[in-house]
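You will see chain A twice below: alongside chain B first, and alongside chain C after that.
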Partner chain A sequence: MRPLTEEETKTMFEKLSKYIGENIKLLVDRPDGTYCFRLHKDRVYYVSEKILKLATNISRDKLVSLGTCFGKFTKTHKFRLHITALDFLAPYAKFKVWVKPGAEQSFLYGNHILKSGLGRITENTEQYQGVVVYSMADVPLGFGVAAKSTQVCRRVDPMSIVVFHQADVGEYIRSEETLT
Partner chain B sequence: MGRKLDPANKVKRGPGRKARKQKGAEAELAKFLDEKKEPKRLSSRARKRAVKRTQVPKKKEETEEEKPTKGFTDENSEWLKPVKRKRPVEDIGEDSDSQWEQDEEEEEDGGLGQEIGDPEMEEEDDDEDEMVDDYGVMEESSDGDEDDGDEHSDGEDLLPIERAARKQKKLQDAMQDERDEEQEEGGSDHVDEEDTVQANIDEVGTFTFPKDEKHEKEGILPLDLKSIYQRIKGNVEVLSDFNNRREEGKDRADYLSLLKEDLCTYYSYNTFLIEKLLEIFPLSELIDFLEANEIQRPITIRTNTLKTRRRDLAQALINRGVNLDPLGKWSKVGLVIFDSPVPIGATPEYLAGHYMLQGASSLLPVMALSPQEGESILDMSAAPGGKTTYMAQLMKNTGLIVANDASAERLKSVVGNIHRLGVTNTIICNYDGRQFPKVMGGFDRVLLDAPCSGTGVISKDPAVKTSKEEIDIKRCAHLQKELILSAIDSLNAESPTGGYLVYCTCSIMVEENEWVLDYALKKRNVKLVPTGLDFGKEGFTRFKHHRFHPSLRLSRRFYPHSHNVDGFFVAKLKKFSNTVPTTTVDENPEQENNPASSETPAPSGDAPSTVEKTKLKAKKQTPSKSDTDNKKTETNGNPAKSITKKSPGPLNKKMKMDGKKPQKFVKKEGAAAQQAEKTGEKKEGNRFEKKEGKKKWKKPMKEKRMGNNKFKKFKKMGQKAARA
Partner chain C sequence: MAATVEELLAKAEKDEAEKLKSIRVKKELELEFDLGNLLASDRNAVNLRDFRAQKKEDYLRALARDNTQLLVNELWKMPSERVEGVVVAKLPEPTTRLPREKPVPKPRPPTKWEQFAKLKGIQKKKKTNLVWDEAHKEWRRRWGYKRANDNTKDWLVEVPETADPDEDQFAKRAHAKRERVAKNELNRLRNIARAHKLKVPGAAAAAPSRNELARAEQVAKVSTASVGKFQERLPKEKAPRNRGKKRAFQPNIGDFSTERQQQLELLKVIASKKPRMDVTKAVNKQMREEDMEAASKKRKGAGRKGRKGGSAPRGKAKGKAKAKGQGPPAGKSRQVRKGLGKR
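The block that comes next holds the complex of A and B.
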C-alpha cells in the first residue's frame, strides 16, 4: 500500500473528472475528516485517514481491501473505474442518463443503452461524455459514455446506441471475483 | 449469467423433499383405493385429520361434564373454549386412534387375522368401533356424493344395478391390485406387517418390541419408512411413560437403541449425531427438531438502512410482485419473502445494495453485539459479510470494522457485499483468526462467529447429517477455544463503551458452545452478560456430567422447531480486565502432568505488598511468550491500552488436553476457581511472583524480545512511509 505517484494521480483524476467534473474537490476535501487515495496491488482505494492508519497494522499480503475500491491501473498504466466507485460517482455526477424500466435489465446484463430504452438524459450532454446511469426510480445502476450528444439523440432511430456500457451493478454478481 | 446464482430459486417451501415424495405416493394410493367402500387407507395426515374430526364432539361432551368445576356454562360455551390438553397427551390420543384404524383396515384387508384373546382388547375394540363408525359415516356420505358425481359424468342412464355392478368390479380390481402388490413385496413382509400390526395395537397399551430376527431382517428387506415412523412414535410414547408401558424384560437401553436406529434410518442421520441430539433434546422435542430440519427456513432479507428504508424497499419489492412481510417485532430491518416471481438475489434493488439476503438467525448476534457509532470492531470470521454490513449500518458507516476471514476465496464475497451495500469503514484482511491480537488489538467489540460443525443448519446443508463424527466436533471445539481466547485478547477492557465479545455458532452442540464459553470464563477475565435478545432458550448450565458456570444461562440457543430460525447459539461476554489470569487452576493439572517443571510457587504471605510493583513490572515486560504460543499480544493498535500477558505455554498444553478432560479435573477446576475468587488479590500477587521465578529458565525469551524490538522498528518505518 502506498500513496499514488504524481502521474498516477493525474491519470486517475482525469478519468474521474469525466464523470464528476470539478466535484472531485468534494471527494478530497471532506468536512468529516481527511480522505485519501491509496494504491494497493494496483487497485486504488479511497479511504479515511483514520482507517488508513490502522490498516498499516496489516501486512501487505494479508490486506484484501480497505475503504472503497475506485478502480485499478491496468498494465499499460491506464486507469479503469470499477463499479464499486459508483457510490461516490452517483451523488456528484454532472451528466446523467435515466433508463426505462424495460431496458433496466438489458443494461444490468452488460449491454449498451439503446435509444428505445432511454428515459431521460441531461441537457447539453456532449458526445463521449462520461455519464452515470440511473433507473427511473433514481437508483444508480452504473456508468458509461454517451455515444451521442443530447441533440443527436433526439433524432436517431430507436435501435441505435446512445450510451456505451462501462460498468453496471450487475457486475457484483457477474464478476464478483474481479471486483478488487 | 448472474441470475443463476440466485438463492431464491433453490429455496423450496413446505415439507421437505422426502416428505413430499411420501405424500405423493400416499396420495396416489389413496386415489387408487378411494374407489372402495371399505374403510380406506388414507394418507397419514388425512387420518389424523379424520381422527380430529371424530374427536371434536367427544371432547365437547367431556368438557360438558366438567363444566361446573371450570366455570364453563351453556351461556358462554359458544366462545369460551376449554383449555387444550397438553400436546403429548393429545398426541397419544391421535396416534393411537389413527393406528387403531389402520389395524382395523389391515385386519379386514389383508385378512391377517389375529387372535384377540384378552377382554381388555375387546373393550377397546368396541370403543374404537364407535369412532370408526362415526368417521365412516361422514366419509361415506361425502364419498357418496363424489361417486354420484362420477356417475353423472360417466353416463347418466345407468340402472342402479349396473352401477352396483360397476362398483363391485372396481372394488375387486382394487383388491386384486393390492394383493399383487403385497405378493411382490414378498412373503416375509407379511411377517413384518404382522409385527407392525402387533405394535400398533399395543401402542394403546404397550409398544411391542420387535423380535430380534425380524429386526435383523430389516437390513435386507426394502425399508418400510411408514412402519418405521409408526414405530418411532410408539417407542417415544413408551419411553415417555416407561414404568407403565414398558414390556417385561426390556429395559430402557433396548428401547433407546431401537429408537436411535429407527431415527437414523428414517431421517438418514449417522448414529453419532443422533446420539448427540438425544443428549440435547428431550424425546418429543427431538422429533420436532428432526422434522424441522427437513423443512427450509423462510428466505429473509435485511434492509440496508445506509441506502434505503424498510418501507421504501418493501414497496419497491411489492411492485415487482414479491410477497413479503416484516420479519418480526424484534427486528426493524428484516423482511420475510414468501414468494417472488423474480429471483430475489438479482433484482435491481438487490444489485443497488438496498438489501442483503440474510438468514434471520444471523441478525441476532449483531443485535446482541449492538455496535455503537465510532467504535472499532473486529469481525473475526466475516464471510460472506452479512453480519459485517449489518454492523456497519448500525454504526452508520463510522468508526472502523476489521473484517477478517481465514479463507481468501470467501473474502471475495465480503468485498462484493461491502461495496454493494456502500460500506466504507472496513478493512478486509485474510488472517487466521488465531493470530489476531498480534496483528491488531484493542478493539471495542469483537464478533466471533466461530467455524463450527453446522449442526444447526442441517436444513441448509443436509450433508451434515452423515458427515460429522466425534473427531469433527472435537476439532471444531478446539479451534473455537483457541479463537475465543484470541478474540478476548483482542478486546480492550478499558474501552468506555465496549469491551464486549459476542460468540456465536450455527451449531447446537454443547461442546462447541457452552463448553467453549466455560473454558473462556476460566481462562480470561470475562463474564457473561445478557445478550439483549428477548427470545431464545437459555444455555445449558448442566449437561450430562458437566457443570458449567451458572451465568451460562445468559447465553441464548435458537432452534429451528421452536423459533423457525436456523439452529444458533449466541452469547455475550464482557471483558472486565486486561490482565490475563493465571489462576491456580492451571497449576494443579500442570503439576500432575509434569511434576518435573521447575516452578516454585511463591510464598503467599508477602504477595499483597508487592502487587503494585509487580504489576508495573509486568506491564513493562509485557508480552513474554513461549515459542509454541499463538496468543501473543501486541498492542500495536493502541499503545495506550496495554494488555498484560503471561506466557500461556502451559495454557496451551491445558487446552489440548481439554478436549477429553476427565471429570476429576472439571470438579477440581471448579473448586479451584472458587478458591481463586475468594483470594482475589493474593492470587494476583502470587501470579507475578511466579513469573519472576520463571524468568530464570525462560532464556529463549530474550531472542523473542529482540524480535519485538525489530518489529517496533519496522512499524515505525512503516508509519514514516505512510506519512510521507
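The block that comes next holds the complex of A and C.
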C-alpha cells in the first residue's frame, strides 16, 4: 500500500474529471473527515484516515481491500474506473442520462444504450463525454460515455447507440470475483 | 729379349721422369700457403695468349691441377702421424684471418642489482681471496670447499631465547640456506629472462592493472551484509550514491494536509489546461448570430416569403455549424428558439 505518485494521481484525476468535472476537489477536500487515495496491488482505494491507519496493521499479501475501490491501473498505466466508485460519482455528476424502464435491464446486462431506450439526457452533453446513467426513478445504474452529443441524439434513428456502456451495477453479480 | 728389357727400362725411366715432371711444377712466383686453412694463393699473372689460344676450360683446369699439386707437395712436407691406420698430416695454425660469421653480439643488459648499484653509485669492493680462520688457525678461502668460518660444521647451536625450544636449529639453518639458494637462482633466471626479453612466469601475471584494482575495490565495498551502506570510509572519501532503491514513494501515513494541498494544486493545473472557451460553441454562436441577421434582413425585405427564407438559412447555419464543429452544441438562443430541447 502506498500513496499515488504524481503521474498516477494526474491520470486518475483526468479520468474522474471526465465524469464529475471540477467536483473532484469535493472528494479530495471533505469537510467531514480526511479521506485519501491509496494504491494497493494496482488498485486505487478511497479510504478515510482512520481506516487507513487500521489497515496498515495488515500485511500486504493478506490485505484484500480497504475503503472504496475507485478503479485500477492497467498494465500500461491507464486508469480504469470500476462500478464501486459509483456511490461517489453519482452525487457529483455533471452530465446525466436517464434510461427508460424497458431498456434498464439491457443496460444492466452490459449492453450499450440505444436511442430507443433513452429517456432524458442533460443538455450540452458533448460527444464522448463521461455520463452517469440513472433509471427514471433517479436511481444510479452505472456510467458510460456519450456516443453522440445531445443535439445529434435528437435526430438519429432509434436503433443507434447513444451511450457506450462502461460500468453498471449488474457487475456486482457478474464480476463478483474480480471486484475487490 | 735384351732389347725388350732395355726398352722396358727406358720406358720405366721415361715414366719416372714424367711422374717427377708432373709432380714438379714450375712457377715464376712462389705460391703463398696457409696450410692451416688448406689455402694456396697463386699470384702469377695469367698468360693471356695461352688463355685465348686453347679452350678456356682446359686452361683453367690445367692451372688448378698445377696449383693443387704444389699444395699437396707442401702438405707432404708437414709432420705426419698415423691415426687408425691412416697417414694424417699435422697442420699448423691458420695464418689467414677470416671475417666474422655472425654480427657482433650486443652487450647484455645490466641486472637488477647492477642497475641499482649504478643508480646509487655503489662500487664493487675487491675482496681478498683468503680469510684467516681463527678456529683452524690458518688461511682459508672465503667461500666454497673448506671455507673459513663454516657454520654448517658447527656441532653446537644455541637456541635463542625467543625461539621455540622444540625447534630444530640445524634444520632451520639448512632450510634458510636452501631458501637463499633458491632465491638467488630465481633472481639469476629472472635476470636472464629480462635480458632475453622472455616472459617471466607468475610475476607479471599476478600484478593487477589499475582498472582491475578499481573494479575489485568497488565490488569489495558492496560485498557486505548491508550492501556497503555502513562501511567505514577514508577521511576524504565521498559517501556512495544511492544504488539500492531507484524509486522512492511517499510514506503511507504521511502528512495528510500536504497531500491534500498537492492534490488540489494538481487539480488547479488540470483545470487550467482545459480551454475556458469552447471553440466550437463560440464558432456556432457566431454563425448563428450571422444567420439571424441575414434572416431578419430577408424578413424585412420579402415579408412572408422572408419567413420561409428565414427557416432555410437556419437549417443552413445548422449544417454549417455541424461541418465546422464536432456537433452543434445548443446555445442559449437555440433553446429559446426551438423549445425542442430535451432536459
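Everything below uses one rule, namely that the second predicted complex is superposed on the first by the 180 of 180 C-alpha atoms of A that agree within 3 Å, B and C clash if a C-alpha of one lies under 4 Å from a C-alpha of the other, contacts with A are read in each partner's own complex, and residues count from 1 in each chain.
Everything that follows uses one rule, which is that contacts are C-beta pairs under 8 Å (C-beta built on N, C-alpha and C of every residue); 3 or more make two chains touch, one makes a residue touch a chain.
Bear in mind the structure is a predicted one, so any value in this text is a computation, not a measurement.
Residue contacts after overlaying the shared chain place A:T11 against neither chain B nor chain C.
When both complexes are overlaid on chain A, the residue A:N23 reaches neither chain B nor chain C. In the superposition on chain A, contact of A:S116 is made with neither chain B nor chain C.
Applying the stated contact rule after C-alpha superposition, one finds that A:S160 touches neither chain B nor chain C. Using the contact criterion defined above for the overlaid structures, shared-chain residue A:T68 touches chain B, although it does not reach chain C. Judged by the touch definition given at the top, the superposed model places A:Q127 against chain C, while chain B stays out of reach. Residue contacts after overlaying the shared chain place A:K53 against chain B and chain C alike.
Overlap of the chain B and chain C interfaces on chain A comprises residues 2-3, 52-53, 56.
Per the touch definition, chain A reaches chain B in the complex via residues 2-3, 47-48, 50-59, 62-69, 83-84, 87, 104-105, 108-109, 135, 137, 139-141, 169-170, 172-174, 176-177, 179-180. In the complex of the two chains, the chain A residues touching chain C come out as 1-3, 5-6, 9-10, 13-14, 17, 22, 24-25, 28-29, 34, 36, 38, 49, 52-53, 56, 120-124, 126-127, 148-152, 154. Residue ranges of chain C in contact with chain A, taken from their complex: 249-254, 256, 259-260, 263-264, 266-267, 270-271, 326-330, 335, 340-343.
By the touch criterion given at the top, residues 1-3, 5, 316, 345-346, 348-349, 351-354, 376, 400, 402, 408, 411-416, 418-420, 422, 424-431, 439-440, 636-637, 715, 718-719, 721-722, 724 of chain B touch chain A in their complex.
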